[in-house]
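Each of the next two complexes has subunit A plus one other chain: subunit B in the first, subunit C in the second.
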Partner chain A sequence: MTLQFRPILEQWPYLLGGAWLSLEMAVLAFVCGMSIGLVCAALLQFAPPYPRRLITAYVTFATNTPQLVQIYFLFFGLPEVGVILPPLAAVLVGMTFNAGAYLCEILRAGFLSLRPAELEAAEVLGFSRLQLIRLVMMPHVMKVMFPSLSNQFIMMTLGTSMASVFGVEELTGRTLSLGADTYLSVEAFTVAAVLYLVISLVATFTLVLYGRLVHRIKTRML
Partner chain B sequence: MLLAACALLAAAASSARTLDEIIASKRIIFGVNPNLPPLGLYDAKNQIDGFDVAIARKIADALGVTLEIVPVGPSDRIPFLLADRVDVVTGGMTRTPDRLNAIDFTNPVNTEVMGILTTADKPYRELNQLDDPRVTLVEVRGTTPVRFIKTKLPKAQVLLLDNYPDAIRAIAQGRADALIDVLDFVLVYTKNYSTKWRVVDVPIEVGYDCLGIRKGNVALTQRMNKEIAVLHADGFIAASWLKWFGHPMLHDPTAVTPVAASQ
Partner chain C sequence: MSISIYDARLLLTGLLTTLALAVVGCGAGFLCGFAVAICRTTRAHGMAPLRAALYGYCLLFRRVPFLVTLFLVFFVSQSVNADLPTFAVALLTLCLIATAYLSEIIRGGLESVHSGQWQAARALNFSYWQALRYVIVPQAWRVIVPPAVGFFVMFIKDTALASQIGVMELTSAGKVLGNKGLPSMLVYGMILLLYFVISYPLTRLGKHAERKLAVTRNR
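For the complex of A and B:
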C-alpha cells in the first residue's frame, strides 16, 4: 500500500469548503430551475400553441444537449457578443437552464397524473380553491413527482463537479488542485468521493424525511 | 534521489562511446522525448520528429553518421545517458546545477522562457504589477506556475482552466488579464485570435536547453559545441524553431556564457 492520506486530510477544511460550495450551487440551481420548470409546465398546459411550441423547443434542446456543452457556450460563447459572465454565474445559469427543462417535464408529468374526476369530486364536496390545491392536488401530484424531483436534485449535486472545467473551485476543482499540488491524486479523489457520498446521502435522507413529514410519502432511503 | 542514483549508475557503468567510436560505428544515438511537442513528437507515420530531431539529424549529417533515435521520458533521460543507451540526450534538457553534477552539457541549443503573456492594451511591465486583486491571471490547473503565483503573487486573482487553448481564449475574450507560463510552448495558440498580444519584456526565468552528454566525454562535447555553433551561425536553429514553434525564439540562446565557464 503506497497511499498517503495524511497530506490530503490535512487540507480537510479546504475540501469541505469545496463540498459546501457544490451543495450551495445545487440548491440554488434547483430552486431557480424549479421556478422555470413550473412556469414552463403551466404554460405547456394552458398557453396557446405558439408559446407551447417555443417551450417544447427549449425543453428538447436543453434535455438533448450535454450540460457541459451548454455551459461552455455560456462561458466562452457569450463573450463573443460582449457578455462576460463570471465563472460561477455562467455555471449557475447553465445548470438552471438545464434543470429548468428537466423539471418542467417532471412537473408536467405530475400535473397530467391528476384525474379530473378527483377535482370534480372535491368541487362537489364544496372544497375551496386553496383546500383543493392543498388537500387534493398536492398529495397526489407530490406522490408522483417527489421521487423524480429527489433524483434530479441528487444528479444536480453530483453534476456540479463539471464546474471545475470553468474555473469554479468547488469540490472537484479543489480536489484536482490538491492532487496537482501534492501529487496524490488517487488519495485526493478518494476523499472527494467520500464527501460526495456524504452529501448525497444527507440530501437523500433530508428529502425522504421531508416527503414523509410534509407529504406523507413513504419511500425507502436505500 | 534521482541524481544520486544517476551518479551511482555513472560510477558503475562502463565508459561512454567516444567521438571516435561514434564516427567509426557510423551511427549516433540521440535520446528524444516524443511527448514534448513540438520539441519531440510522433508524426503521422508514428516516427519521432520535431525540433530536437531536426537538430539531431543535422548534427548526424555533419558527422557523416546515421541518426538513431531512442525515445526517452523526463525521468529516465539521464539514466539512459548514464547507461550508455544513448550518446546524446535532448528533450528540454535545461541546464541546472544539480544536473551538472551528473552529466555534462553542451552550449545551449535553445531557451525556454517563463514569462508573462498579456495583451497590448494592458500596462504590465514587470512581475510585481500583477500582484494586485484587480488582476486576473489565467493558468492551467496543475502546472508549475500555479504554485509560483500562490507564493509570489498572492494578491492576484487566479482563474484555473483545463487546457492552454481555453486559457489563451480567456485572455483574448477579456476574461483574464495575463498568463504566466513557459511561453515558447503556448504562443502557438495565440495565432487563432486577432488580439494584439504582448510578451512582457522582462522574463521571469530563462532556461537554457542543451544537449546532455556523459560526464567526461570531452571530445564529443567539444564536437557538439562546434556543430551547435555552426547551426546557430547559419540560422538553422532559428529557422527550425520558427518552423516547429510558429514564432521566433523568445530569448537568444547564444547570449550566455558557454557551459565550460559555468562549470
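For the complex of A and C:
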C-alpha cells in the first residue's frame, strides 16, 4: 500500500474550516456548560436539601452515562414528543448537558477548598466585597480549579469529534466525507489526527501561558 | 409494538460485549500502562530512545480523539488486508488508548514517591525490582487507584463509540431496536440506564477508595 497525501492536502481549506467549527463548538459548549456548572455549584452550596438532591442526581446521571447515547436520546428521542433539534443543536445541547455536570463538580471542589477563616481575615483587614473576591477568593480558587478547567476544555475540544456521528460537518465529519470521496481514508484520518494534535497542543500552550501570566499558576506544559 | 424475547437477547448480547470491551481494555491497558510507566521512570541513558518513543506515544494517543483513532486503526487494518473483525479493531484501539492514559496516571503515582525512598531501598541492598515491588509500588498505589478508577468510568462510556465501526455493543443494540420501530425515547432511555447501572457502582467504588486511601504524606 502506498500513501498519497497530496489529494488530501490539496483540500486543506475544507479541513481547516472543519477544525474551526470544532473549536467553535467546544468554546460554545464550554461557556454554556460553565454557566450551568456555576449555577449548580452555587445551588449545591446554598440551596435547601431538596433542590440540592436534584442537582446531585443530575450530576450523577450525566457523568455516569455516555455522551454519545445522551445525544442519541436528544436527537432521536425528543422528536417523539415534538421537539425536533437539528444535528448541530442536538450535539451542542448534549455537550452542554454533559459539560455542565463535570464543571459543576470542578467548581464545587474549587469553592470547597476555600477556608472561611481566609475570608474572615480579609473582612477584618477591611477589604471591600469586590476586593475580597478579586484579591483573596479568585487567586486561591483559580489555583485549584484552573488546571482542571483547562483539562475539561481540551477534553471537550477532542470530544467534538462525536458530532460527526450525527452528520455535523466538523473536522471528523469532513474527514469522513473526504475519505469517502477520494478513497484515501487512511491518509485523510492521519491528517485529521495531526490537526487534532496541533489544535490541542496550541490550546494547552495558550491555557498554560494564560495561567502563568494571569493567575501565577505553575503547571508543566506537557 | 412490544419488546420480544429476541430484543431482550440483543440487549443482553450488547451489554456483554460492552462489558468485554471495557474489562479487556482496562485490564490490558493497566498492565501495558504499568510497563510503559516503569520504562518512562527509568534514568538509565541506554533507555533514552525508548523513553522518547513512549513519550511520543502517550502524547499522541491522549491528544487525538477516540473516534479518530478508532477510524484510523479501522481503515489501516482494512487497507493492509488484515481480515480483522470489527470487535478486534475496537479492542485494539481501546487497549492503545487505555495504555496511554493509564501509563500517565501510573507514572504520576510512581513519581509522587520521594526519591529518598529509592535511595534508601538501594542502600538497604534491594535490587531495582525489589525496590519497586516492596518500597515504591505500595506507596504509589494510593495515588494511582482513585484516578485510575475515574479513568475506568470514562473508559466504559467511551466504548459506546465502538458502535460507529459496527461493533454490536450496547449502543448498537439500541440503534437496531430503534430502527425496528420501538419508541426511541424508551430504547435510548433504557440504554442510558444500562450504562448507568454499569458505571455507577464503579464511581461509588472510586469515591470509597479515595476516602480509604487518603494520601498520608510519607515523604
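Methods note: the second predicted complex is superposed on the first by the 221 of 222 C-alpha atoms of A that agree within 3 Å, B and C clash if a C-alpha of one lies under 4 Å from a C-alpha of the other, contacts with A are read in each partner's own complex, and residues count from 1 in each chain.
Rule of thumb we're sticking to: contacts are C-beta pairs under 8 Å (C-beta built on N, C-alpha and C of every residue); 3 or more make two chains touch, one makes a residue touch a chain.
These numbers were taken from a predicted model, which means no experiment stands behind them.
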{"item": "Touched partner set for A:D181, first subunit B, second subunit C, both or neither", "value": "first"}
{"item": "Touched partner set for A:I84, first subunit B, second subunit C, both or neither", "value": "first"}
{"item": "Subunit B versus subunit C as contact partner of A:G173, first or second or both or neither", "value": "first"}
{"item": "Subunit B versus subunit C as contact partner of A:M162, first or second or both or neither", "value": "second"}
{"item": "Touching partner for A:Y196 - first (subunit B), second (subunit C), both, neither", "value": "second"}
{"item": "Partner chain in contact with A:G17 - subunit B first, subunit C second, else both or neither", "value": "neither"}
{"item": "Which of subunit B and subunit C A:F76 touches, first, second, both or neither", "value": "both"}
{"item": "Superposed model, subunit A: greater residue contact from subunit B or subunit C", "value": "C"}
{"item": "Touching partner for A:P147 - first (subunit B), second (subunit C), both, neither", "value": "neither"}
{"item": "Which of subunit B and subunit C A:L68 touches, first, second, both or neither", "value": "second"}
{"item": "Contact residues common to both interfaces of subunit A (with subunit B and with subunit C)", "value": "76, 79-80, 164-165, 176, 179"}
{"item": "Subunit A residues within the subunit B interface of the complex", "value": "76, 79-80, 84, 87, 164-167, 169, 173, 176-177, 179-181"}
{"item": "Subunit A residues touching subunit C - in the complex, by the definition given at the top", "value": "1, 60-61, 63-70, 72-73, 76-81, 158-162, 164-165, 172, 175-176, 179, 185-186, 189-190, 192-193, 196-197, 200-201, 222"}
{"item": "Complex interface listing, subunit B residues touching subunit A", "value": "138, 141-143, 146-147, 159-162, 166, 169, 173-175"}
{"item": "List of subunit C residues in touch with subunit A within their complex", "value": "59-60, 63-69, 71-72, 75-76, 79-80, 153, 157-161, 163-164, 171, 174-175, 178, 183-185, 188-189, 191-192, 195-196, 199-200, 203"}
